[in-house]
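My questions all concern the structure below.
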Amino acid sequence: MSHEDLRDAVYESNVELARAGLAVLTWGNASAADRQAGLMLIKPSGVAYDDLRPEDIVAVALETGETVEGELRPSSDTPTHLALYRGFPGIGGVVHSHSTCAVAWAQAGREIPCLGTTHADHFAGPVPLTRQLTSAEIDADYEGGIGTVIVERFEEGGLDPASVPAVLVPGHGPFTWGSTVQDALRNAIALEEVARMALHTFALLPDAGPIPRPLRDKHYQRKHGPDAYYGQEQV
Amino acid sequence: MSHEDLRDAVYESNVELARAGLAVLTWGNASAADRQAGLMLIKPSGVAYDDLRPEDIVAVALETGETVEGELRPSSDTPTHLALYRGFPGIGGVVHSHSTCAVAWAQAGREIPCLGTTHADHFAGPVPLTRQLTSAEIDADYEGGIGTVIVERFEEGGLDPASVPAVLVPGHGPFTWGSTVQDALRNAIALEEVARMALHTFALLPDAGPIPRPLRDKHYQRKHGPDAYYGQEQV
Amino acid sequence: MSHEDLRDAVYESNVELARAGLAVLTWGNASAADRQAGLMLIKPSGVAYDDLRPEDIVAVALETGETVEGELRPSSDTPTHLALYRGFPGIGGVVHSHSTCAVAWAQAGREIPCLGTTHADHFAGPVPLTRQLTSAEIDADYEGGIGTVIVERFEEGGLDPASVPAVLVPGHGPFTWGSTVQDALRNAIALEEVARMALHTFALLPDAGPIPRPLRDKHYQRKHGPDAYYGQEQV
Amino acid sequence: MSHEDLRDAVYESNVELARAGLAVLTWGNASAADRQAGLMLIKPSGVAYDDLRPEDIVAVALETGETVEGELRPSSDTPTHLALYRGFPGIGGVVHSHSTCAVAWAQAGREIPCLGTTHADHFAGPVPLTRQLTSAEIDADYEGGIGTVIVERFEEGGLDPASVPAVLVPGHGPFTWGSTVQDALRNAIALEEVARMALHTFALLPDAGPIPRPLRDKHYQRKHGPDAYYGQEQV
């Protein structure tokens, strides 16, 4: 994919984030990595989605975080995105949103259990919750620190970021990722819907528990496993 | 109805499923049966609703499930649809969705009681819940097995699929059907709305119970009974 | 207002009922009375809002209920509308909907208390609940009987239909009315919003109670009283 | 900014208030102050958002409240807006809405605690609640009295209207403000979303508490503090 095509994909995914109802005002941001070029393309900080243009997308160096292309300041969450690309070498896109129901779970400080096949189609297990940052971490490098506790959560929990492409930061909100920025966006949309379903499920059954493991595995594997048969064969 | 008209109806119902807010991403699918031709027409697997075209609709043989028309792979839920057409000889359309509130009831493992006339206008009694599939059934023929437990639920419960055209599969979601694919779609829309109303009703009255039987019968019969007087006379 | 203008107003109010999210499928109906001509104009039964045309609106005699204009069968709820026009001589429009949150209150069998000024701006007191119809009443004249219990509820409760232009029928849903069909529609929209706010309020405060009477009166009177100063002077 | 540009901004913000889903029917109003000219520009009373035109915006004197421009009667909430401009000399815009979730908190008589960073990005602490007006205050000068109790709440609570640009009036609803009318509108949108998130959070965790102070300060300061680095540098 050319540099320009990738920039357009980042632009489109940011616009789609607002259109899908996952972001109001200037909240949220989507990025993509071009690992060969050593670059990350991301939304500029604080720009309204209606005003955003493809040429506003900012390119920063994956290693240093320095802006290498674009007139505007990159998203203030840039250090979080960079930490995720560094900690999860297999991913190509990251989305951060303040989508309503995922934020409610984050604010309640609860992981989202795998209550159904909609969840299992996208996330092979509960959506995990990181620890809260310490005051010192907030002072030192707040946005980078968020990335650090996310990667830490996956390492310490033995979680695979490819099979659980989402996380909640307590008192804050969700981050999702994927092989591409479009994939990260689809995971953000799925996460919000799964979070909404889980909210309603707990209202009906306060001690709701996860679906049986064979059912969860079946759904995840038929879509993402080596013998996946959901969707069309990739040509 | 010509083969092409039926294909267009299946296409339209799939698109309308997304437009009505019952499906996001590639979730959900609608199908129709042409019993004389021995065919079922269904959405292709994993295709986004925005990209779907009438010619993408796949035709499979009702008896064998083999694809007889179309370039794409049919929905992964095809065996469920086929089992429903075989088990319920009177139906002509099936819709599967992951609509938010119906899924919440399925995830909570609860039937939806008939709490009001909106429900009774469409479903002559509670919306039933199937049993969970066993691990062996999940391994052997997962999607076909879902159809089997649905038909089993109606047979063992003495339920008439014509008067209760909806079911919940626990930890998964709803299936609806009807005499045509449009009818199945209307039942999917009604089910989601009824599920939402029931969620709010239980929030206000945790031990809410069904409406009196005469009221339920009145509403169902005035719309679907032999002396129905709702709607226009069919010419 | 000419007969044709009134017919257009009824058509527009029905279409707006769906557009405002208060009706899905063919649910709901709006009517207006032309008391001088002794007529009521109402939506035809079971017609989808997208297919509705102004010329489909049916005119029936206020006294006998006989169709005097139109090719289609009038709404099955016609006898309820007629009973309201007969019982409440001051009204000129009626709206019936199955809007989600108002139905939830009806299904829970609870009146909506006046929890705030949004409510008081439209309804001078709680939105009342009728009694349930008996089996005999359901058998004899179901739709007419609904109108009868509504009028009975207002008479026995000493309620003024002009200052409380809404009611809930248990296990069914809301009816609203007003001096015109547009006014009845505005009350239907306000009722659904007030019902939604009240649902959320009770989630936050399970024993929420009505606002103080002076505050309720102030809001109702500044909009509807003899010295009203809300809105523009009618020229 | 010219007088005409300010009038257009007030018009646009009122229309946007409805478009953003914060106002139905004729509820809500937005205003701006031109302090040099000693004027306030505000929506006319009881005009539907679809019918509103820029030339309908009414100008009243900040000091006396007398209409100095416009054919229509200003919003009945005009005295509240005036009291806020007088009590909070630093603000340039005010928005009043009956948005669903903020009203639910007001009707429950509860402040909205700072449960997350979405809240902290806009409001540096809980969204406060005023006291209820007395009957005497309702009789004497109802709308002016609302402004008075809002200013009183900030003075007695030692709150800074610049860092907490929102308030709830019990049994009524929210008021927000900002340096401009657009800023006040953004705060109204943020408040409704924060109120919705908080409702869901309390459903999941009935004793949810505020985020740690360092996290709250970090978010507020990175966006609004002297060393803010969110958004683009103002040129």
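Just so it is clear, A, B, C and D label the chains in written order, and each chain counts residues from 1 on its own.
The rule is simple: a contact is a pair of C-beta atoms (placed from the backbone, for glycine too) under 8 Å apart; a residue touches a chain by one contact, two chains touch by 3 or more.
Owing to the predicted nature of the structure, the values given are computational and were not obtained by experimental measurement.
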Chain labels contacting chain C and also chain D: none
Same or different: do the copies chain B and chain C touch each other through matching residue numbers, with over half of them shared? different
Centre distance in Å when chain A and chain C are each reduced to the mean of their C-alpha atoms: 46
Centre-of-Cα separation between chain B and chain A, whole angstrom: 32
Two-or-more-chain contact residues of chain D, please, as numbers and ranges. 203
Show me, using the given definition of touch, all chain pairs that touch one another. A-B, A-D, B-C, C-D
Complex contact set, residues of chain B against chain A: 24-27, 44-47, 72-73, 76, 98, 100-101, 103-110, 132-133, 135, 138-139, 142, 171-173, 199, 202-203
Which stretch or stretches of chain B touch chain C in the complex? 20, 115-118, 121, 186, 189-190, 193, 196-198, 200-201, 203-205, 208, 211-212, 214-215, 218, 222, 229-233
